[in-house]
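See the structures that follow.
Two complexes come next, and they have one chain in common, chain A, joined by chain B in the first and chain C in the second.
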Partner chain A sequence: MATPTTTHRSGIVDRIMRDYDAVAARLPDAAVTRAARGRSMHELARLGWPTTRDEQWRYTNLRAFERVAEFAPRVLTPASGDTAALELPPALPGFERLLYIDGVRDVAAARAPTRDTIVPETVWSAEQRLGLLCDMFATDVASLRIRGSSAIEVLFVTSAAAAGAACYPRLQLALEPGSQLQLVERHLGAPEIPTLVCANVAIELGRGAQLTHYRLQQCGVHTVFADTLSAQLTDEASYSVRQVAIGAASARTSAQVQLAGRGAAFSWQAIAVGRAQQVHDTALKVEHRAPDTRTDEVFRGIADEHARIAFSGHIHIAAAAPGADARQSLRGLIEGAGAEIDLRPRLEINTDQVKAQHGATTGALDENLMFYLLARGIDRSTARALLKWAFLGDVLRAIELPQLRSAAEHGAAGQLPDIMAIGALT
Partner chain B sequence: MSTPDIDALVNRSYRHGFITDIESDTVAPGLDESVVRLISRKKGEPQFLLDWRLRALRHWQGMREPHWAHLRYQPIDYGAISYYSAPKQAKDGPKSLADVDPKLLATYEKLGVPLHERARLAGVAVDAVFDSVSVATTFKERLSAAGVIFCPFSEAVQKHPALLERYLGSVVPYTDNFYATLNSAVFTDGSFVYVPPGVRCPMELSTYFRINAANTGQFERTLIIADKGAYVSYLEGCTAPMRDENQLHAAVVELVALDDAQIKYSTVQNWYPGDENGRGGIYNFVTKRGECRGRNARISWTQVETGSAITWKYPSCILRGENSVGEFYSVATVNNYQQADTGTKMVHIGANTRSTIVSKGISAGHGQNAYRGLVKMLPSATGARNFTQCDSLLMGKNSGAHTFPYIEVRNPTATVEHEASTSRISEEQLFYCLQRGIGTEDAVNMIVSGFCRTVFKELPMEFAVEAQNLLAVSLEGAVG
Partner chain C sequence: MSTDTHPGAGTAAPSALLDIRDLHVKVAGQEVLRGVSLAVGAGEVHAIMGPNGSGKSTLAHVLAGRPGYEIVSGTASFEGRDLLALTPEQRARAGLFLGFQYPVEIPGVNNAYLLKAAVNAARRERGVAELDAFEFLAVVRAKIKLMQIDESFLSRGVNEGFSGGEKKRNEILQMLVLEPKLALLDETDSGLDIDALKVVAHGINTMRAAERAIVLVTHYQRMLDYVVPDYVHVLARGRIARSGDRTLALELEKRGYDWISEQAAA
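Our next item is the complex of A and B:
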């Protein structure tokens, strides 16, 4: 397909188009059809590259994406990789493990994608336009249709082979009515490898389906990470996300959840911990489109040294969603003199039969709580570490799988050395 | 306020919608350099001000109208607006109230604005702005005895050019935003206040803005400077005739508070809101910003927004001086098809600066009300604090309430707390009132008054009464 011309083209979009043209003929149809890739390319050309003047991209480290040397993936076909060279986490008891290395499945540890369309092609909004990159360049897809009750762990690992290039993890998931799934999605990467990881996740929940989705982002410190998620919930479906973001040099999560069926419920509990020059930006939009739908959002962010943590939580309640109930609790803690926290709790309400509230706080540790601990003979550094640990505790405790919670705790504590020192980990 | 009073008010329509039949000097619609030069010539302005206007015009011509606000309206044809309209008057203008056209005095009498001598009892000095010009200012002598300058902007240009040159555009530069830049090019009048060091202004100052002529816009500019240790309380009111066409109002207000100074700025905005079908009404695009330039300075914005078809307004504080304080108290009511996107910005630069934001939004009918606020703590804002409370009340299944706060913190010792809630009037509250024999409409008015109480108590007494009256009127027909 010919490269589109548009007035919205910029240097980076031109570069992406060139990289795409170079590999387009070799990208597998099984992951994304050629026609769909072409549509995504045209859409990206139409939308153009975001700038920090765009409301939804104000806090993203776009420069990090612009500095990516090569957008084309290096590994194009599934292979049986040498997994011994990778430091994979221990298997979770009772979970089926699917392994994807540099965006393609390890043939020994992942199913081939079905030819069925698991979820309809996602139309990404302008706020989610990085999802178009994955649609253009994806080399494989984990496509899962769930009936009954399941527990699946999907590991997306970046290896040394992807250094200096890009990989495009892709997950499509459909839960049949009444089914239940515990899903663990982990992004891991060897440190010291400058790589673009650009993941797409598309989810559909049938009537009464229940999904608990654990997401751990532990990419290498030089990784530029983009993660675009779309979920659609029908009647009485329930979707819970527990997300821990600690890796990558710069990360952007763009998630949109549509509560399209009566009584659908969504819960989002997330932490982000950054240090050094890390930037974590999350933009979550939840659309209440049906009556009696519920959202509960909790975010905790700690920015140490020169890190920036940003969270934008946008809840939109349509006129067709009477009885909606929405809550947001966003809290940020700044630990470093050069650090920054940006919070945007947004409510957009178009009917009067709703309950909606949000609270957002940012600042240092509470001096009253500190005094309470000091008065009990606890030294200042231990008291600080305990309070920081408690700050993250709400979300970490919501991870119900002990082994995974321990991994998340160790990951978070790795970012905050004083916590490691007090031995608070399980 | 007693419930029969509210009942009477609820059944009234917009009472300031009359037109004054007065001969006006109005320039042809359209905007180019010749219009700007004409305005400047009519005002007899010094060269620096003309140059400033022209720079603004050139900058504006390269700007795009912003559309990020949660507002929907028909495109504004800036070429169809007349940028200057003033009542015809003797060449030298009125020397005193006795020289003012009786029709104008009658207009303000009808609006209840105290311009006559009997107004002494009210103890409020008033500057009355009619379309593009100030027509009268009261109590100038008494204020001048205290050293306070309170005069029309065009008079300040002639008599106090040094002050003007020093402070004009120092808080809202002519490049600030689309509407402020437009205002900088074509502003015609407004109020100027300077309170010298250590002076507590002996009375409330008030400006009353009135749009009268058709197909015109109003572009006034207000500049208030409180020097070291000074205090001033300033009130602003506004009305317009009922017309089926929309009219543009794009004002700029700049406040400067030096060391230990305090400025209290109160607004009751009652521009014509359009009819029950959303026809007509004022497009109100206003830039208001204050800068606490000195230590321990304080700027307080209190606003009651009941009018206008479209409101786009974010009174803000730049807290530069150590220990300075910014406050924003707001009630914004929308009914029928009114839309408001309003809020504030608190930018903390100095150490130990504090800000408080209390915003109450009420949406009825098909009204759309958005709170948009920024709290920004810069790295230098050690120990700074902000508290924000943002509540919305919905009165109708077709109404909308939206909250768009931005919190940006870059200092580890700064604290920001933000709370917001959206609800409708609770069944329990209504039941409690009804059970005691209070009618539904009265009960709703009482509950709404209670909802807004924290803001009303910040208003000067005369304004608080007017604000409460207006609130009841603006919610007319919302209870069904």
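Our next item is the complex of A and C:
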């Protein structure tokens, strides 16, 4: 396909176009149709590459993306099924596992997901434009229609084969009315492999459907990671996200949730723990479009050493959403002298009949709590570790699957070595 | 008890467990303690009373090592050691316990973990073998029963969702488990109904021992009906204005604090 002309071209967009042209003919239609890929490419060209002058991208490590050597995926065909070298986590009891290696389904996986496009093409907003990359380059898709009650784990693993290139995990979910799903979405990667991982997740919840979505981002420390999520909720649907972001050199989450049906409920509980030079940036927008809709948003971030953590939580309550109830609790803990945390709560309310509250605090450990522990004879380093652990506790305890909670706790504690030392993990 | 050169002294200074001499302390540039002297001997129970703002809680927190206070002059020794030179955690491990007026909530750190870590920190300090999980449970179970606390609380976050009374009971439970040499109980009676007060007082009374001292900081005398002190001191305007036995507390109950404050101001 010919590269489109644009008024917002930049060096990186040109490179993306070139990489796309080089690989387009070999990308499978089954993941995304050629026409849809082309539309995404034009949209990216129209929007241009984001800059830190844009409010929604101010804290993203865009340079990390601009340094990516190759945007084209290298792995285009299903993997061999030889997973011995990947050190996969143990299976979750009662969960069906789908395994994607470098963005392509492992052929040995137990179930072949449906191939029909079950979620309509997503229209990404400007703050979600990295989703266009996955639309352009995706090599496969986990496309699932859920009826009844299910428990599914989708593992997206980056292998050595993707080193220096990119992979594009893609997940599409449609929950039929009244269905229930426990979904684990886990991104894993070998620590020494510099790779771009650009994931898209599109979700539709039918009337009364319930989705609990556990998201663990544990990519390797040289990975540049972006995930773009879109969810649509109809009447009485319920969507709960428990997200733990601890991996990658730079990570950006762009999520938009639309509460389009009466009584739809959304809960987002997330932690991000960064150290060294890591950057974790999340932009979450929730739109209340129907009456009696609910949002409960909790974010806890710890930035150690020179890490930077940012969270933008925008809740928009439309005039058509009386009875909406929206809560935001954003807290950041700065642990390193060179660390930075930026929390931006934003409530936009266009109707009178709402309950809304938000709070955002960033700072060091609470001195009152510290003194209480010291006054019990606990040494200072243990007290610090305990309080950091307590800081993350709300969100970690909300992970109801013991095995997954343990994995999340060990992952988070691995970012904060003093916590490992005190043995407070369950 | 001598009140001439060492006002507020309970026993002769050389044998005192806690010996405070002419302690002056500022908070945010304001002198809050203005020459406190007090000696507390092993086996004694002292009550420190006084009107709001007299410096009672400041004294307790300074002794426990809370940051934010400026020691202008004076000394405080604990078993002959310079207490003010120790960090808060060293003071605790040496056997000093502060029961907080407003115990904090620490969700995510469970009570059992905190108690076990605290007990073992003190045992390490004494060169005694640490308790393992089974030994610790055996110790803590008996004390929990005494404080009429449900055992499920051990797995709950520290003071998380506790009522005011439950928090105070938890403070006393911690004291029972830690078995300090000196317990400073800062307004432990505040916010307690009569039943909880009796439970808390019973817990405190079980700690009375020849080798241990207890200092009750309180505004009201009602606690002293249940934990009968050997000595009562009244703190007014940053100094110990008067010391006596428990009849002083009863007199304060009748006359209030104004007359002592006026004397202290004179």
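Operating definition for what follows: the second predicted complex is superposed on the first by the 420 of 426 C-alpha atoms of A that agree within 3 Å, B and C clash if a C-alpha of one lies under 4 Å from a C-alpha of the other, contacts with A are read in each partner's own complex, and residues count from 1 in each chain.
The rule is simple: contacts are C-beta pairs under 8 Å (C-beta built on N, C-alpha and C of every residue); 3 or more make two chains touch, one makes a residue touch a chain.
Keep in mind that this is a model prediction, so the values were computed, not measured.
J.: Considering only touches as defined above, state whether A:349 meets chain B (first), chain C (second), both or neither.
T.: Touch status of A:349: first partner only.
J.: For A:393, using the defined touch cut-off, is the partner it touches chain B, chain C, both, or neither? Pick first, second, both or neither.
T.: second
J.: Quick one: is A:373 in contact with chain B, with chain C, with both, or with neither? Answer first, second, both or neither.
T.: After superposition on chain A, A:373 lies in contact with chain C alone.
J.: Quick check on the superposed pair: does A:382 touch chain B, chain C, both, or neither? Answer first, second, both or neither.
T.: A:382 contacts chain C only, not chain B.
J.: Residues of chain A touched by chain B versus by chain C: which partner has the larger set?
T.: In the superposed model, B touches more residues of chain A.
J.: List the residues of chain A that touch chain B in one complex and chain C in the other.
T.: Shared contact residues on chain A: none.
J.: Chain A touches which residues of chain C in the complex?
T.: Residue positions touching the partner: 64-67, 87-89, 91-93, 97-98, 100, 103-104, 106-109, 113-114, 117-118, 121-122, 125, 157, 174, 178.
J.: Quick check on the complex: what are the chain B residues that touch chain A?
T.: Against chain A, the touching part of chain B is residues 68, 70, 379, 392, 394-424.
J.: For the complex, which residues does chain A have touching chain B?
T.: Going by the criterion above, the answer is residues 55, 319, 322, 332, 334-364.
J.: Across the complex, what residues on chain A touch chain C?
T.: My answer: residues 366-369, 371-380, 382-383, 386-387, 389-394, 396-397, 422, 424.
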